[in-house]
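Down below are the structures I want you to see.
Two complexes, one shared chain (subunit A), two partners (subunit B, subunit C).
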Partner chain A sequence: MAEIKVECIGETCPVPLVETRKALRKAQEGDIVEVVGTHPSSKKEIPMAVKAMGLELLGVKEEKDGVWKIRIRR
Partner chain B sequence: MEKKAAIIVHSGDMDKVYSALILGNGALAMGMDVYLFFTFWGLQRLKKGGLEKGPLSKMNMLGLGKWMIKRKMKQANVASLEKMFQDFKELGGHVLACDMTMDIMGVKKEDLRDDLISDYCGVGTYMDVAKDASVTLFI
Partner chain C sequence: MQEKRVYLDNSASTRLDERVLEAMTPYFFDTYAVATSEFAYTQGIEAREALDEARLSLAKALGAEPEEFVFTSGSTESSNMALKGVALALGRKKGKHIIVSKIEDFPVLQSAEALERDGFRVTYLEVDNDGLVNPDLLRESITDETILVSIQHANQEIGTIQDIAGIGAICHEKGVLFHTDATHTFGRVLLNTRRIPVDMVTVSAHTIHGPKGIGGLYVRKGTPLSKWMDGGFQEFDLRAGLENIPGAVGFARAVELITAEENKRLRFMRDHAIRRILKEIPDTMLNGHRRKRLPHNVNISFHFVEGESITLHLDMHGFAVSTGSACFSRSLQGSHVIYGIGGDHERAHGSIRITLGRYNALEEVDAVVDTLADVISELRKISPLGKEKYGEEV
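Let's look at the complex of A and B:
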């Protein structure tokens, strides 16, 4: 199982969502996609997209300086 | 079945084309199947070199307003229309060009961005998609 990293620090709407979706499309079933970003709304909206697609949200972590990290299992 | 979004892009104004692409990309990111129908002024943006040519829908001020907004967008790190289009295509979005607009405005296939357009069609194709779409918008 692979782990795919998506780096979206400093990116704004809709880039973090779009890059997450791109990574999820490329991922195989069981792979983990980890997205790191700073766009505040995306922190809420990426989990919404994960739910809408019926995937597994492994965690949303708040780091320092407004950076968040979201882990998803395809 | 995948949920569908059918969006008509009637306006060729820069800000409205941005809205259409942001909404389209957002819907794709949510796992939806998305169709953008470019008609009338919107279709002009699919001409070769025409993507960024649209004026601002309000306060364009002969391009001054547009220039100011573009500068603000750059500062806010907003992606270009070209990048948003490439993302839209990469995520499997459909771009449809209205053939009646092509007839009345004298736009030929060779004038248009064939790399972006998935198909050329009329109102029947739009309605066929829209009747099962959970999101329909006219921009």
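Let's look at the complex of A and C:
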């Protein structure tokens, strides 16, 4: 199982979601996709998309300076 | 992940009709010669016959003579040919002024901008809140220097159909050439060049279940148009390049397959979608004219949400729709069409376009509206714009 990092710091909506979807398409079943970003709306929108795609949301973590980290299992 | 996909972006592209492919196939495998080889061998003669037959059929659909129909690679080339061809032919002789509407599609707008960089003066005509050109404003904008007016037949995003008969009459009264981009109306809205005073018309196969990479430009006999792409002498010496025989045959077949019944069915589904969305989803507004509208176009702005988010979330539920906003290019530009009809930043960023085609069913229209209602409601809860009205209580 691989872990794929998606770095979206400074990117605004919809780029983080677009990049997350691209990574999820490339990922194999069971792989973990970790998205790191700063845009507040994307932090809410990505979990919503994960639910719609029927995937497992492993966690949403707040880091310092407005950075968030979202982990998804494909 | 979502498996079944419903394509509702038929103004961007359409599924090829099998009957079109069937008509095209012999020209890939049997008669694959080019028409200019008609002077050398039989396959060339057959290719010429096929090309002529396709041209005749397409010209007829526009009420034109076959010599008035030039095949191109699509709408972009057709509109470039019209604007730049006229500029080359008349720029030095008559004048350097061109008029286009503010909400034209990019081939016309950017051709106009390219000519502007070459010393032409361009008037970008304002439109009203529905996207309609004001005929009086057009009349006032025409000067002795004006060589061409280019106003689209219908808008690519909001679907508003212009009164091209009225616009053409003004142009001809003033002795100015008139071009219209009919990419989105060809086959869907009647355009008879014998009845409408128009000198050039852009058309394409990709919007009517035909192949991509083939289009055409109607050029009224006697229209001053210079060749702007050099090479061979194909297409009445107006467009150099190898003839796309399978494409031409497919284009003609695609037009033949459109029926009045089909357009009626599209109109019914369009009205059904508009009615349901406006009634069932709050804070929405229709963009474009309610009646003077493409039979297959639905364009709605949803307050408090971004169009890109809506399209992405609909995609995750299996529906392909588009947004006028160009955020995907990371440019974060709102739709120039929505701005053009007086929309603000929020409206320009919150619009989505649903365009229907032959392979869509009413159940799919209902399904997308149901999903849209859920998606919009969820997005509004997390939207910084809609938080006050729709946000979840903490």
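The rule is short, and it goes like this: the second predicted complex is superposed on the first by the 74 of 74 C-alpha atoms of A that agree within 3 Å, B and C clash if a C-alpha of one lies under 4 Å from a C-alpha of the other, contacts with A are read in each partner's own complex, and residues count from 1 in each chain.
Everything that follows uses one rule, which is that a contact is a pair of C-beta atoms (placed from the backbone, for glycine too) under 8 Å apart; a residue touches a chain by one contact, two chains touch by 3 or more.
The structure displayed is predicted, hence computed values, not measured ones.
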{"item": "Touched partner set for A:G30, first subunit B, second subunit C, both or neither", "value": "neither"}
{"item": "Which superposed partner A:M48 touches (first subunit B, second subunit C, both, neither)", "value": "both"}
{"item": "Subunit B versus subunit C as contact partner of A:P14, first or second or both or neither", "value": "both"}
{"item": "First, second, both or neither for A:K22, with subunit B first and subunit C second", "value": "first"}
{"item": "Partner chain(s) touched by A:P40 [first = subunit B, second = subunit C, both, neither]", "value": "second"}
{"item": "Touched partner set for A:G66, first subunit B, second subunit C, both or neither", "value": "neither"}
{"item": "Footprint overlap on subunit A, where subunit B in one structure and subunit C in the other make contact", "value": "12-15, 17-18, 21, 48-49, 52-53"}
{"item": "Partner subunit A, residues of subunit B touching it in the complex", "value": "22, 25-26, 28-31, 76-79, 84, 87, 90-92"}
{"item": "Of all residues in subunit C, those that touch subunit A in their complex", "value": "1-2, 306, 308-309, 312-313, 316-317, 327-328, 330, 332, 378-379, 382-384"}
{"item": "Residues of subunit A touching subunit C in the complex", "value": "12-15, 17-18, 21, 40-41, 44-45, 48-49, 52-55"}
{"item": "Interface residues, subunit A side, partner subunit B - complex", "value": "10-15, 17-18, 20-22, 25, 48-49, 52-53"}
